[in-house]
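A, B and C label the chains in the order they appear, each numbered from 1.
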Amino acid sequence: MRKGLVAAGLAALLMTNAASAQTLNVATAGDQNMVDYIKDYLGPLFEKSHPGVKVVAVGTGPGDGGSQKIFEKLDAQKKAGAASDFDVVVIHQKAAGEMVKSQLLRKYRDALPTGKLVTRETADNALGTEVTGYVMPMFHSQTALAYNPDLVKTAPGSYAELRDWVKNNRKQFGYNGIKGGMSGVAFVTGWVSAFGGDAAKLEKGPYDAATKAKWEKALADLKEFNQNVVITPGNAGTLDMLNRGEIAMGPVWVDMFYTWKAEGKLPPNTRLKLISPGMPGQPMYYAVPATTKQDKLAAEFVALATSPEVQAEGIVKRFNWYPGIDAKNLEGKLDKAAWNQLFADITPDSLAANGKPFPIAPYFNDILESYEKKVAN
Amino acid sequence: MSGNVRTSLASAAPASIPLPVNQGLPAPRVRFWAYGSTLFKVLGLGAFAFFLFGPLANLVLWSFAERWYAPFKLPVTYGTRYWEVVFRPTGDAMSSLLTSVGIACLTVLVALAVSIPAGYALARLKLPWRTALMILFLLPQAFPSVAIYINVARVFYSIGLTGTVPGVVLVHAAHGLVYSVWIAAAAFAAVDRDLELAARNIGASPLRTFFTITLPLAAPGIMASAIFVFLESLDEFTGTFFVGVPQVTTLPLLLYNASMGGNYQIASITALILLVPSVLFMLVIERFLKADVLSKVGQ
Amino acid sequence: MERPSLIGLALIAPALAMIGALFLYPLGFSLVSAFTEESGRLSLTHFQKAYELYSTDILFTLFIVIVSTLLTGLISIAIAGILTLSETPWLITALRNLYRWPLFIPFIVAAQCMRTFLAKNGLMNNSFVALGLMEPLQATSFLDWRGIIVTFVWKQVPFVTLMLAGAMASIDRATIEAGRNLGASRLRVLIEIVLPQVFQTLLVGLVLSFVTMLSVLSVPMMVAGSQPTMLTVDMAFRINSYGDYATANALGVISYLIAGTVAWIYLRHNVKQGAQA
């Protein structure tokens, strides 16, 4: 048996050493669909235009935790003085700010042919940190309320209406608190923006540590609100309970929602609604680590990934994500049906009015910690 | 406690000698009781099987479900679409699986190689701070592993161990030491000292005594720990990520992503694939042991 | 017994070196951050914060892990007892082939299975309704502390039973037969004759289970909502959301103290047993 063990182990050693000539390593935070997108669509496309190159995609887990892992790994490499073994990373906003501050990223966007196709504020500013030049948005995602029209005749249109609806429909609304993923976090920051006063200051700054004292009432209300809702286990947990009809409504990420629907895990008539005064959304960024040895190849990869053709075909049509580059660049690249499909539930106007950024990082942390102290404890 | 050891391997199958139990009762009542007790056993076993396999049935159902949502109690449509997704050419599932199994095998070897001497020392030799040392080996289970692995990765970068199979094996083995050291120590402690003394008295050297008497008698317990180390390695993903990725990718990484993200179909299929090496390993070990005689552990 | 032996130290050295290099040394960084302020001064502020924010979760974790360990112990004794003492061969065969399966299911998959099994409209309640054992309206969700306990017990019972059944199979049958011949019921034989002989094995299994359950992140994360939750979830949250390793490590120290205490109790007991023998 010993021999068998050794043989199996050696086989593993050999397998991993037999890598191909040139490998582009892409690490992506987020759900499995992000990995699939690169493995099945973008990777092969890039390999076709760059013979001899192999794209390897690795997922690091959903939510900020996934981005945090990438941050830690790059940081460890930097501290050990080693070159980065990731060539392209796909990360969330919070980690992007941290990585720029820790000088872990390369300033590559200005030289990128597609760099000028995006003018959205989030391409330059990640939760209050200036990231101009370091990141290129892959796609934009948005949180919204998913609901089952069979159980909810008229969905609430605002946080205030939702509060009343929950009073009359106990345990029909579910969200995942703040420890189980970003959709719950988004719902909570949206709540504080709606009832805590001065939403603009939360998004733009400047930071004032005294602000959190003004949230007392909003958080106390949220605690009361929580009495009548179901706390679900995670982003996927909310969708999971919608799947079995255990809750009728809950906040979800739009892209996950569409994936679940496409995989036959949600009732086909489930719909989305973006309530006022707004719920947060955020982009995923492509970034290039400062110490990668394949920076040229990495930049070419991102250029391909953010070209209007790929954004139209891959991001919008295949995966139902909102494009990362400005939507007007996709005109003519996309048939009307695919475009309308994307905005079937949430109209472009509604998205413009109610799609908000997350609060800047210090407020963000204050909201989470206040929630832990005042609501969850 | 003496005497147990000698029977440990021989009495693998419990001898079940039916005992006359209800002798005093008239025949019809005996039959009634017999039926009643059989019925009770069948029902009990049924309930046990339900709770055991209910969750697993879910796994199998999801792996073949193409559409499944409320208000339907069972999948709306079945198919093998997701099996094709997992085994698609770009999916790397098979190569990840081979890497995982290879790493798990090496991990078992490394863990046993260091924990057999350690276990023997802890069980038989006089060591200062024995209790503290035993508790020390629980460490890897108790701390937030992310924090540890980040620092391990930092060290490994400077000595070139990141992205290599040996690096991953070391991390997994350190994590598995909890099981292998504790169980090996217990297994050695259970070996009858008289047997060793007898061997020594007829002139065997200490080393020879160890290899011909002590080790074989402790083997069942040590093999049990091998199973746990193997399974632990096969499930590990945090350490693999920090030390192995991107050069070394294992199947649990895919499993973790899919499961946390709610990709039930992919996660279920991956879990079913991972069952194969686990069960095979268990069967191989049992073939060596003839039966589940994990005797003497901790006695 | 030999006196403090150099050989002993030499034998344990490789294992210690491994733990030292791969855990103690990296852990050093963690401990420093748990016990110092940002200025570098020694302090317990992080423990204070951990206590303020997570005192409920500490108690919750203790409750979950203790109850799960006790249930695991009881069920494992029952299964191993039937395997050893039952006189119905088909029952033994069936049980022997059944009980082990959860051992091979990773925690994260177990969590996923349980989440869809124990839910309000999950497979379990649906089966009960289909069998007529329950009205649809009576269905409740078990996805809270009960779900976590069920998952832990489901996963750990095979682990402990595997060790226990092996130990029971190797005890001297003569003692059991003697007890039976004297007219003792099987339950009494199990409790008074069999269990004392395998008690150490049971304890090792339970201590290892206890520590394992304390360290699992995926089960509390995926099975139950987050209020309250277990320490592992809080640690992951501190790190992922705030990058706050100090408080996470303080929680880690608390978690290790819990694990260490249980191990210490076991080892004390072990020493006493050794003295009596």
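In the analysis below, a contact is a pair of C-beta atoms (placed from the backbone, for glycine too) under 8 Å apart; a residue touches a chain by one contact, two chains touch by 3 or more.
Everything numeric in this text was worked out from a predicted model, so none of it was measured.
S.K.: Once you count every C-beta pair in contact for both, which comes out on top, B-C or A-B?
M.R.: When A-B is set beside B-C, the one with more contacts is B-C.
S.K.: Report the chain whose CA-based centre is farthest from the CA-based centre of chain B.
M.R.: Comparing chain centres, A lies farthest from chain B.
S.K.: In whole angstrom, what separates the CA-based centres of chain A and chain B?
M.R.: Those two chain centres are 36 Å apart.
S.K.: Provide the C-alpha centroid distance between chain B and chain C, rounded to the nearest whole angstrom.
M.R.: Computed value for the inter-centroid distance: 14 Å.
S.K.: Quick check on chain B: which residues sit in contact with 2+ other chains?
M.R.: Correct list: 70, 146, 150-151, 155, 256, 260, 264.
S.K.: Pull out every residue in chain A that's touching 2 or more other chains.
M.R.: Only 234, 237, 240, 244-246 qualify.
S.K.: Could you tell me which residues belong to chain C and also touch two or more other chains?
M.R.: Residues 116, 121-122, 221-222, 236, 239 of chain C each touch two or more of the other chains.
S.K.: Touching chain B in the complex: which residues of chain C?
M.R.: 1-5, 7-9, 11-12, 14-16, 18-19, 21-27, 29-30, 83-84, 86-89, 91-92, 94-96, 98-114, 116-117, 121-124, 126-127, 130, 154, 159, 162-163, 165-167, 169-173, 177, 180-181, 197-198, 200-205, 207-208, 211-212, 214-215, 218, 221-222, 232, 235-236, 239, 245, 248-249, 251-252, 255-256, 258-260, 263-264, 267-268, 271, 277
S.K.: So in the complex, which bits of chain A are touching chain C?
M.R.: Those residues of chain A that touch chain C are 63-65, 68, 71, 98, 176-180, 185, 226, 230-234, 237, 240-241, 244-246, 365, 368-369, 372-373, 376-377.
S.K.: Would you pull the chain A residues touching chain B in the complex into a rising list?
M.R.: Listed in rising order, the residues of chain A that touch chain B are 1-2, 4-6, 8-13, 15-16, 19, 25, 27, 30-33, 35, 39-40, 43-44, 56, 58-62, 69, 72-73, 75-77, 79-82, 85-86, 148, 234-237, 239-240, 242-246, 256, 260, 263-268.
S.K.: Under the touch definition given earlier, write down the residues of chain B that touch chain C in their complex.
M.R.: Touch residues, chain B against chain C: 1, 3-4, 7-9, 11-19, 38, 41, 45, 48-59, 61-62, 70, 73, 113-115, 117-118, 120-122, 124-128, 130-131, 133-152, 155, 170-171, 173-174, 177-179, 181-183, 186, 220, 224, 227-228, 231, 234-235, 252, 255-256, 259-260, 264, 267-268, 271, 274-275, 278-279, 282, 291-299.
S.K.: Can you name the residues of chain B that touch chain A in the complex?
M.R.: 65-71, 76-77, 88, 90-92, 95, 98-99, 101-103, 105-106, 108-109, 146, 150-151, 153-155, 157-158, 162-165, 169, 241-242, 245-249, 253-254, 256-258, 260-266, 284-285, 288
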